[in-house]
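Per-chain numbering from 1; labels A, B, C, D, E and F assigned in written order.
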Amino acid sequence: MAKLTIGTFSSLIGSLSLDFAVKLSDAALKKGHSVDLWLSGNATTLAKKDQKAFRDYSALQKPVEEMLSTGRFKMTSCEACSEARGIHKKDMIEGVNRQSMDWYLASCFSADRVLLIGGD
Amino acid sequence: MAKKTLGFIIKSLPYRDEVSRLAITHAISSQSVDIYLDDGDSVEPILCFIDDGVLNCIKGQEAIKHYGNTSIEMHIENALLVDLKVYICKEDLERFGLTEKDVVLDAEKFGADTKAEIVPYSFIHQKLEEVDHLQFF
Amino acid sequence: MRLGVFYSHLRLGLNILDRLRADKLGIILVGNGVYHGCIKENGKKSPLLEKENVNFYALIEDFETRGITADKLDSKVKPVSYSDLVDLIFNDYEKIVWI
Amino acid sequence: MAKKTLGFIIKSLPYRDEVSRLAITHAISSQSVDIYLDDGDSVEPILCFIDDGVLNCIKGQEAIKHYGNTSIEMHIENALLVDLKVYICKEDLERFGLTEKDVVLDAEKFGADTKAEIVPYSFIHQKLEEVDHLQFF
Amino acid sequence: MAKLTIGTFSSLIGSLSLDFAVKLSDAALKKGHSVDLWLSGNATTLAKKDQKAFRDYSALQKPVEEMLSTGRFKMTSCEACSEARGIHKKDMIEGVNRQSMDWYLASCFSADRVLLIGGD
Amino acid sequence: MRLGVFYSHLRLGLNILDRLRADKLGIILVGNGVYHGCIKENGKKSPLLEKENVNFYALIEDFETRGITADKLDSKVKPVSYSDLVDLIFNDYEKIVWI
């Protein structure tokens, strides 16, 4: 089984790019692969806990928690990008890591495939 | 002992979304990636500016003065300071009527030896082929 | 190289795609990129589809979200699911990018 | 006793950023604006879809099925349900080869009387002139 | 003196559109006008308190607090857009209001000029 | 109507601008829109500047942020500050939009 590293910059709601990242991760996990999901820039808003699920907005906390429970999914949020947005360690979904950007590069090092979803 | 090369291809305008800035800061973070890797393993990023992305390289950006934000120019200088390879697409510069005088090519004022290079697109495309992983920003 | 390109725009980045060359090139229409697979503007199909020696795909979830059904897709464009994407990523292409 | 008209002009694609969705939800919120206004005062929004924005109006959007999100189609139906004026640019529909059969024109299934209208750009431009405030999304 | 209502959807960091909104508000206040700033969509991230100021990121909490202190500046955040992002009342900069979208329309009603900054 | 348009893109929305008519039309280049005021692509200045009976402005803070100096601006384009924008908004234009 192989490893996919996904990097994302998109914000939680709006572009559906984070929905894409979450759904692609889920599909890869279901096929037995492992996935590292790196959140940088506005994507760090995905790691904020206590998102209220409305029908008009993407609500990704639940699928993220389900994927974390597989043990083959790691989600890591850029520390500086989070702090700049007022999202602190205590605000984050349990099981999501915070690291500096070098973590992403290390994840790329050991990945079989890397997909960086740029833009917002 | 392995080295993985990562191509960071910047096609987006500066100060629109955060993408060109994040591309450069991520590339620079290769300087501290060793803590996660085995001895002797390394990651080498290559930065290429193409298409509208070459406008990130214009000199004299006053982002600090006006918005209190580090400029993309300063990030490029930082990249040169840590000896990253930086390539700027010749054809795209020419398309915008820009010459080597208009863009950031060195960070000599900070003591950097490494210089950015203006190269034809064919050279950049060769790099796209060579790197292990490719990312467009 | 075998290059898989996720393309998510209607208006931006076409010239980037135009310059990309690969031994095997796949263009996977996602997000608002899916319109290229079906919408004719001023009676003409997207110039993207004229690019030769390309395998075109469109993400079912994304074109259906926008009210487009598979029968509206150009015959060159193959509908794929998220599950199919995983196979394309690991089996068909060695490098994957998002534009 | 005053009425202010607000033009909500939607030029952006659906499901890219959140703008077309927010345009419609903001317009619909005019239904409850009275609590902030003096007796007899009111706000009347007009929704116009132009340029790439007409693609928001395509029928049969499966956003709920695939992403669990309300579709833009449902928002347009809600707007008709509360009797907002909805105009779709004829020339832009034609440019994309779309006809009235392809787009959301009514919400009869929910009992709405109001229908969206396909109108020439010149009609929409007249509305741009008439409204008190104008907003492009 | 006149009233300017600004609506914004852009996220705190990246596009500089919120920086634009804040600087334009400040310039209007300095000329004696009053300003209502409506935050919807990703712009609700501007109302999150405890933003850490880094040089690489926009940091707008301080100018916002200064403008609030003039008494001629109101900043109001969309309630549902905030909750969907896990930004609750307790997470917000002091003095910033939360309302439903109709507040914005009412603000437009009494405004001399309305500027909606769309996109992200 | 007297219409002031804040224009923030390099590539998007040009056709929207093209169709706008007003008794008095101002186009204020902000964000990445400022490139239209100075960059010549393939030797040609932006088609935007060809639009007639338009007052063009460019936000000083935004072009300087991008490394552009006022002397590079086309002679049709007037540099303005945030403070100037406030006057344009309240004195020169009765409706203002952002594209």
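Throughout what follows, contacts are C-beta pairs under 8 Å (C-beta built on N, C-alpha and C of every residue); 3 or more make two chains touch, one makes a residue touch a chain.
Not measured: the values here are computed from a predicted model.
Taken together, chain A and chain B share the touching chains C, E.
Greatest Cα centroid separation from chain C: this falls to E. Comparing the centres of all chains, each the average of its CA atoms, the largest separation from chain B belongs to D. For the pair chain C and chain E, the distance between mean C-alpha positions equals 38 Å.
As a whole-number value, the distance joining the C-alpha centres of chain C and chain F reads 35 Å. Between chain A and chain C the centroid-to-centroid distance comes to 24 Å (mean Cα coordinates, whole Å).
With each centre defined as the average position of its C-alpha atoms, the distance from chain D to chain F rounds to 28 Å. Annotation for chain C: residues 11, 31, 61-62, 65, 95-98 touch two or more other chains.
Contact with two or more other chains is made by residues 13-16, 41-42, 56-57, 59, 113-114, 116, 118-120 of chain E.
Contact with two or more other chains is made by residues 15-19, 25, 67, 133-136 of chain D.
Across the assembly, chains come into contact as A-B, A-C, A-D, A-E, B-C, B-E, B-F, C-D, C-F, D-E, D-F, E-F. If you check the complex, the residues on chain D that touch chain C are 13-16, 52, 55, 58-63, 65-67, 71, 73, 95-97. The part of chain F that touches chain E in the complex is made up of residues 6, 8, 30-31, 61-62, 65, 81-83, 85-87, 89-90, 94-98.
Of all residues in chain E, only 11-15, 41-42, 45, 48-54, 56-57, 59, 61, 80-81, 83-88, 91, 120 touch chain A in the complex they form. By the touch criterion stated above, chain B contacts chain E in their complex at residues 15-19, 21, 25, 64, 67-70. Here chain C touches chain F in the complex through residues 11-12, going by the rule given at the top.
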